[in-house]
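Structure record follows, encoded as structure tokens.
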Amino acid sequence: MSTSPTTNAPAQFAGVVPPVATPFLPDGSLDVTSLERLVDRLVTDGVNGLFALGSTGETAYLTEQQRVEVVQAIVRANAGRVPIIAGAIELTAARVIESARRLTAEGVDAIVVTAPLYALNSRDETAEHFRTIARGIDVPLWAYDVPVRVHSKLPADLLIELALEGVIAGIKDSSGDDVGFRRLIAANAEAGRPLRLFTGHEVVVDAMALAGADGVVPGLANVDAAGYVRLWDAAGRGDWDAARAEQERLNRLFEIVFQTTGRSPDAAGVGAFKTAMQARGIIDHATMAHPIEALDEQAVARIRGILDSLELVGAPTP
Amino acid sequence: MSTSPTTNAPAQFAGVVPPVATPFLPDGSLDVTSLERLVDRLVTDGVNGLFALGSTGETAYLTEQQRVEVVQAIVRANAGRVPIIAGAIELTAARVIESARRLTAEGVDAIVVTAPLYALNSRDETAEHFRTIARGIDVPLWAYDVPVRVHSKLPADLLIELALEGVIAGIKDSSGDDVGFRRLIAANAEAGRPLRLFTGHEVVVDAMALAGADGVVPGLANVDAAGYVRLWDAAGRGDWDAARAEQERLNRLFEIVFQTTGRSPDAAGVGAFKTAMQARGIIDHATMAHPIEALDEQAVARIRGILDSLELVGAPTP
Amino acid sequence: MSTSPTTNAPAQFAGVVPPVATPFLPDGSLDVTSLERLVDRLVTDGVNGLFALGSTGETAYLTEQQRVEVVQAIVRANAGRVPIIAGAIELTAARVIESARRLTAEGVDAIVVTAPLYALNSRDETAEHFRTIARGIDVPLWAYDVPVRVHSKLPADLLIELALEGVIAGIKDSSGDDVGFRRLIAANAEAGRPLRLFTGHEVVVDAMALAGADGVVPGLANVDAAGYVRLWDAAGRGDWDAARAEQERLNRLFEIVFQTTGRSPDAAGVGAFKTAMQARGIIDHATMAHPIEALDEQAVARIRGILDSLELVGAPTP
Amino acid sequence: MSTSPTTNAPAQFAGVVPPVATPFLPDGSLDVTSLERLVDRLVTDGVNGLFALGSTGETAYLTEQQRVEVVQAIVRANAGRVPIIAGAIELTAARVIESARRLTAEGVDAIVVTAPLYALNSRDETAEHFRTIARGIDVPLWAYDVPVRVHSKLPADLLIELALEGVIAGIKDSSGDDVGFRRLIAANAEAGRPLRLFTGHEVVVDAMALAGADGVVPGLANVDAAGYVRLWDAAGRGDWDAARAEQERLNRLFEIVFQTTGRSPDAAGVGAFKTAMQARGIIDHATMAHPIEALDEQAVARIRGILDSLELVGAPTP
């Protein structure tokens, strides 16, 4: 990895960078047409970047070949308009590098990876994990902090240390630990801002923007990207009343993920997003990756009710 | 997967089935010579099967190509003497199947897999995960229950259900939950013994044999396979005093894994095994997979002291 | 606390020491008559000691006054026949001592306490917690290791250290960690056996006896004490086939705790015991402490079915 | 508990309500003089209420008699100037009520309690726990959500349900789950605002105020109450730049809790607060409750350095 400021250019990512959902056809194969339409709509709505192959993109369920096809479609539909960061979710460094290289070959601008999965490593081994990956790829590397899936939290001092070494350029924080995120913002400022700090929690973007976040990766933007763009713009001009009002509207929309019972976390979240996206005409099918269970009809009806109440059906773009 | 009793022949695995360590050269590449020597010694010492690419085999750190090379060496050195089961540790079913097929093509007799990693699934989705994999491979499938790495426990009723469907043929239980394992033994007996039940905990083999376990996957057998063979034989003939005495001797040996401080779980366990194996002349180097940190000299000295006290240095086979 | 071998006499506790259930009248007040009958039956059935005010005794739900009344009834009904150990479950040392002194004033022979609750302490602070309590009471102190309720595990080396200091005389292990318990047995033997080691897991008593446990605290003995006495006697004379057979019979009985759904752990366990005790005529009511929810009728029917199948209804003593 | 709007007057608590630290003399006894001085200073600095006997107040380590003495001193020093809420931290409802009544007899205006400790209850049992306590006391009841100590999270729908029943009047949220807190704010607004919602996280007060919190319980206010009063005032008038600037200053101060290593969470947090309070002349000794370990000299020196850098030594009030 080059660590020169020029190529390791974290400044390119800021603002609203949605984790792009992966549409499927009813037979379980990739729905490339819907994916391209989704990407075009996101960019048209004004997002500042695209996050391919994240948890919302169901990347854990995709084969390596499918991952490449997803990235190809996103790159093609984006047509160079905004930067693209892609997840390379694998167990350990050597495997991550193999996966990441397939994705950078398709033209993504950065790679985001988690701490090791399945392995049980020390802090120093985790640091070396990121260093090894950074050396093995030729685009900027981001760290993805998602303890609910990885089962360990990336410590702030480790992240700052790796940033100052030029190993990582940004963080996607889905830790649900706002106290820790606030400390990370302060530590990053103290260190001269080597990191771009993105929150993954779509319901507190106003608050995290006030606290100093550089951007947000909102899964819900697959349903209403324009709302997040307005929210981020309001925060950017210091209009906190407007930011909060938009956030509260989006939070009423976010209630779609709580409309099902007895489903897994993966089903409830992505299932709600896809159901709403289909209702808004953004994708053709709400199918999820095998073996994720589809939402039941009652949940679908309630989700449509929420969309109706927010006047979001039939009007995908503002 | 064929579910006929003939091909899905779980009875072939019973007794001592060590998880084969993966030796490395100092430069980090596979040490095939040491691996073949290790396999030959294990089989000569009387083990009843071999478990390739488990946690002790550092499989999480290996690329797909390396996994294939490890299995090739084990198959070659075993030369058909005992059955081989191989781990296919990947995130989800589609990816597991791709990995498993590479291994079965090399001649392994069964595949063992965990619940999904990184994904957040329901009980039913987890069941479907195993069903999908069983359909995708042509050898018996085992389930690997290792909550410390997977962060969820496989429920006993799910395992019995999958067994009765012909989906899984056995369990490697590394859950550390002896109460749950005892209930599983009882439920399996009630169901007509569709499952082979192996414990992964090398320090309670006498007790688990008394409770009805069908076998054991002892990482420590890489260091002293003959001891586990004697222990299992004693249990098999109902000589519980002899079984306990052998277990207690092996437990003194197992203290090697507690001789280091400040190292990760992966380093402490496999590092101790490899240090002792090298001291006994079983492998040439104690190198672990990158980025696992080597044990410090004090720990190595203490491990050698334990081997000395048990008269295990310089006498690898009894 | 005197640390002289004479008064700190851990040897008095060995074998089967049931955690005595606390019967209630339908109005929620203590059912002293049933409690005395229960105690008399346990002692008549041959148990080697009594554990008052444990989790099975619903001690967390009792006021200090009720705790004293429970101990008074147990002491009275026991009439000096077997030694009595009582739980003093409180947040921290100063509060534990106040509670413990009320119980020792009633004549209990030992006190058992957990690590601090609610507080967030270091290893050294936890050690000092036990030392402070030992200094504050004049009977032997035991440590109760129950991570599912205390949310931390007592490390083996800490327990041995405290034992060698004369601070603790025994352990009630409900950690569900048989590997750790086995290591504790070995470390205790190495240290000259300063500790009495009891398992709290009633379904693996044969295995833990083989491993070297000094006794067992089986909640299920409230339902069938005679079975545990037979099991322990068989283990004591080295008749492991008989021990295992009795254990397997008791484990079929233990299935009563799995017959309810949608109830809390406290309701499912104690509720099943009390339902079975009532069915066998040992106590008059299956009432649990407020606000624990009663089992539903279906669960009660299934529990009675299990008792029937084991020929345990209407024949409380062998 | 009266549920009439008049006596159950949650509106009285709003804004900055510090959890009052409990000073000790070097011999471990209560330092009533320092406690009264602390209370007077907090009220003089403009706090809107006082939270007695919280985690910061080391209430877990106090006997019942000491808890009463602490409340007496706080009531006396406050002299009716601001409302007082007191923690009644005990295992279960019957025990909580006994403790709470001792405190309300001394004149506190509200009681705050956690979910059951040690017990393992269902959602419905937990609801009944709060209902029983509310019936047993004659002041408003608040719920304290602190999973790091209680090991379960209070679900938002349960809290709203209890609020609509008139059982609870407010929440102290120390869950570290800002997403959940945001949803609770929205649900409370939807329900007509039956609850007062306070955050316990002192480093995100600006953000939580923007999100709609009614107040904050900042442990750090024991060191710099005036800062929190300024922060809350700025937020109240919508001056988010000023609020953020004050928050960032306070967060630099909060770094005092990270200056020690190898100490328990209880020692690191309260120890840092007391060290800084002593340095500022607010209390006479930094002694913590037995057996919490004192901070080492290096940590104390670093804490003083932070105070110096913020010009907080020798100037306790602005």
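First chain written, first letter: the chains are A, B, C and D, and each begins at residue 1.
By definition in this document, a contact is a pair of C-beta atoms (placed from the backbone, for glycine too) under 8 Å apart; a residue touches a chain by one contact, two chains touch by 3 or more.
Just so it is clear, the structure is predicted and the values come from calculations on it, not from any experiment.
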item: Contacts common to chain A and chain D (chain labels); value: none
item: Centroid-based (C-alpha) most distant chain relative to chain D; value: B
item: Chain copies touching (chain B, chain C) - same or different residues, decided at half shared; value: same
item: Separation of mean Cα positions, chain C and chain A [Å, integer]; value: 50
item: Centre-of-Cα separation between chain D and chain C, whole angstrom; value: 36
item: Multi-partner residues of chain D (at least 2 other chains); value: none
item: All pairs of touching chains, each written as two labels joined by a dash; value: A-B, A-D, B-C, C-D
item: List of chain C residues in touch with chain D within their complex; value: 55, 60-64, 66, 89-95, 98, 114, 116-122, 124-125, 128-129, 132, 148-151, 262-267, 289-293
item: List of chain C residues in touch with chain B within their complex; value: 176-179, 182-183, 186, 201, 203-204, 206-208, 210-211, 238, 240-241, 244, 248, 251-252
